[in-house]
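What follows is a set of structures for review.
Presented sequentially are two complexes of chain A, the first with chain B as partner and the second with chain C.
Take a look at the complex of A and B:
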């Protein structure tokens, strides 16, 4: 196998409780708690960032794959949600058992396109196979993202 | 000069939202110069043990945890504060309006659906009402228990809700629920007042209470209570926190409202490990996962 290793580096600095700044090259990303439960929290949590990263990966990979296949599309959007096995373990509740791991991720991947459904599904299959985050997460999490083509 | 040691308050958490509420309360106390912190436990048995072992200063006890603390301290623990909504609660026994259960005596030979084995409001006190009226649970009346999150003393309404579902599905002839849940489920349409009715109501009882050991530092207690009682529902900055915790005013703790539960606990041998009724079979994957 050809050596195609490339490493990515992110530096993350704590700015306070539930406040971190991540630096990726010259880009900056601010994040809050590991898994926030307050709807009014000022920053997205690490769990939300993971979902966002998965969504961005799928959108980008689908767009690139569709472009190479000359499949036209007007808009792409992903809606993702996840649950933890036992969030109370993460919160340090004494006596709770189980794991704070992400137990399941599900969602919908919307494709607005005039192309045929079979063609869109073929691109979606390639997308999932080529997505770094999808292929990583599907090995450890119950991952179910439904394709929803719309004209 | 070192900062004063935070007063450590323990509570049971059944949902992450509980932690959010306590984060807000903690910030309120710190803003008022009374540092406090909190520790969460998965069940009230652990909470009471932590209080009695000195790991905590104050425990936010369920009524059953209060009765347990009284039992385990020989009556020396103290109730220092409670919500206005903790006082004078009642539970209802609800039946189908079109059924033939017209009086409490009609429940004889039938089935009552209740909440978790350790729920004061949905199991112990309502069954005590039956016993007061000559209906011995498991002898004169079959008891169908819904053990959701046992150890949390019915804080999670799942068992109480399952008991209502059992009534509506025809698996039981009556069910028990807290007045607040009856009102809430009537308001949101879960419970149809046209097809159900209240058959009987328990005597009033008190619910949660902040509990301390007899040796809790008097100055710390005074400062903590002064800050707690400063919360004012008329103050918009306090209202969200009080709404989340379900109260309009904090009141001094009182011990006069635990009679019905104390009596039921003794009658049914709860702390001797006896349990009233048979647990219901899970009816769904959701139930089975609990």
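Take a look at the complex of A and C:
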């Protein structure tokens, strides 16, 4: 069996109270607060980055799986939302109890393809099974991403 | 401008009909660059023949080409004009100012940003080829029936095309862009008149958003683009543009205003009667108003004054075929406001405003068209009932 063990490293530096720079290999990402509540915040929050990472994972895994299965598609798009159990705990509001953990993630995975719905659903099932982030998160969070084929 | 000789209460459509799977594949292949113009036209020509045959068999008096060649009712101009790029909303998210508003709109309508294209102005506008005169010529070769040609209205086009970050490099402001939009549409309408169009219909759905949109969910993608100033100023701007395109054209002109046609979920569409738009309608130099009245959302029939009224009597977004008796009742109610010789009958909106998101299938479209025709015949024979 081929050894495909690998580890990934990201170094994250604090640049300010809600400003962090992450270095991953030769790439740089800038992120803001842990969970942003300000619509005008200059940087995406860590929670949004997690959703973005899950979305990118699903898009990439679907594309790779579809390519292997020779399933043609014109466009892919994911929309993901999440809520926290109790965001006030994260904000440190006195008297609040519970957890600031992500309570649920839901969303839609759009696929534009001329292929039949059954074929698209088969690729979607494989995608979820092969996605590192999806398979990790589904063990700890109520995770419901709906497949939506479009013309 | 009068219509050619027709029976009273002529029946027509608002323009679009659903595309066949084959045509959708061709549209997407053309967009990808995998199909040349000749190859696309071969598929589209056949689709237009089918669309005209469907309308003719149903007894429609004024036919359209079903907008079969268009990917949606306004973005198709990108292929016909220099200086315009068809951008998906996914691409536009990089450029629009109100990104959060855009996201709310997309989420409400449950739509992927890749599914809608917008004609964005990225250079000086110039007519590379006719917007619709070639469509008209093809349809006229298929039928002797009067032909209606829908065009995006000048206010809609200006607002959709104006993306400050991109268009501002070319035009000083939205008003400067509008000058070229007006000139292009006026020239096109004159060409359509010369080509024998019976009706040129300008689609201006965003007018309803201006008066109904406050406090309601936005329903028009293009309305989320240009920053909104005072609605009254916007309406005056719209009237000026429309009148400069439509006034004194040697062809019958119509203006279509609806409340959205993207979703079958009525909650996502605008609600409210047309009364707030009455002063705007009164100021418009068009022959006919084409309005939706098939749902309770539309309120009471407005008095079109000296204009004719295209009365929407079937909902393009429902499975059930409206009962002929119900349509007859709607028409007779409208006759209390509009005389028979100034009334025509149509669906509330297109059946395939967006090619990739048709609101109905061919069988139901056929049923709804036939129901309108049957109802018109009843009222012609007995207007009062």
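Here is the rule we use: the second predicted complex is superposed on the first by the 147 of 151 C-alpha atoms of A that agree within 3 Å, B and C clash if a C-alpha of one lies under 4 Å from a C-alpha of the other, contacts with A are read in each partner's own complex, and residues count from 1 in each chain.
Here is the rule we go by: contacts are C-beta pairs under 8 Å (C-beta built on N, C-alpha and C of every residue); 3 or more make two chains touch, one makes a residue touch a chain.
All of these numbers come straight from a predicted model, not from anything done at the bench.
After alignment on the shared chain A, the placement of chain B and chain C results in a side-by-side fit free of clashes.
Of the two partner chains placed around the shared chain by superposition, chain C is the only one that A:74 touches, whereas chain B remains out of contact. In the superposed pair of complexes, A:150 makes contact with chain C only, with no contact to chain B.
When the two structures are aligned on the shared chain, A:53 is found in touch with neither chain B nor chain C. By the touch criterion defined above, A:129 lies against neither chain B nor chain C after alignment on the C-alpha atoms of chain A. Within the superposed three-chain model, A:112 lies in touch with chain C and out of touch with chain B [touch as defined at top].
Angle at chain A between chain B and chain C, computed from CA centres in the superposed arrangement: 80 degrees, to the nearest 10. Using the contact criterion defined above for the overlaid structures, shared-chain residue A:87 touches chain B, although it does not reach chain C. Judged by the touch definition given at the top, the superposed model places A:12 against neither chain B nor chain C. Nearest C-alpha atoms belonging to chain B and chain C sit 7 Å apart in the superposition, given in whole angstrom.
Chain C makes touch with chain A in their complex at residues 24-25, 28, 32, 88, 90, 100, 106-107, 110, 112-115, 356-357. Chain A contributes residues 39, 74-75, 77, 79, 108, 110, 112, 114, 148, 150-151 to its touches with chain C in the complex.
Note for the complex: chain B touches chain A at residues 13-14, 16-17, 19-20, 23, 39-43, 46, 50.
Within the complex, the chain A residues that touch chain B are 37-38, 87-88, 91-97.
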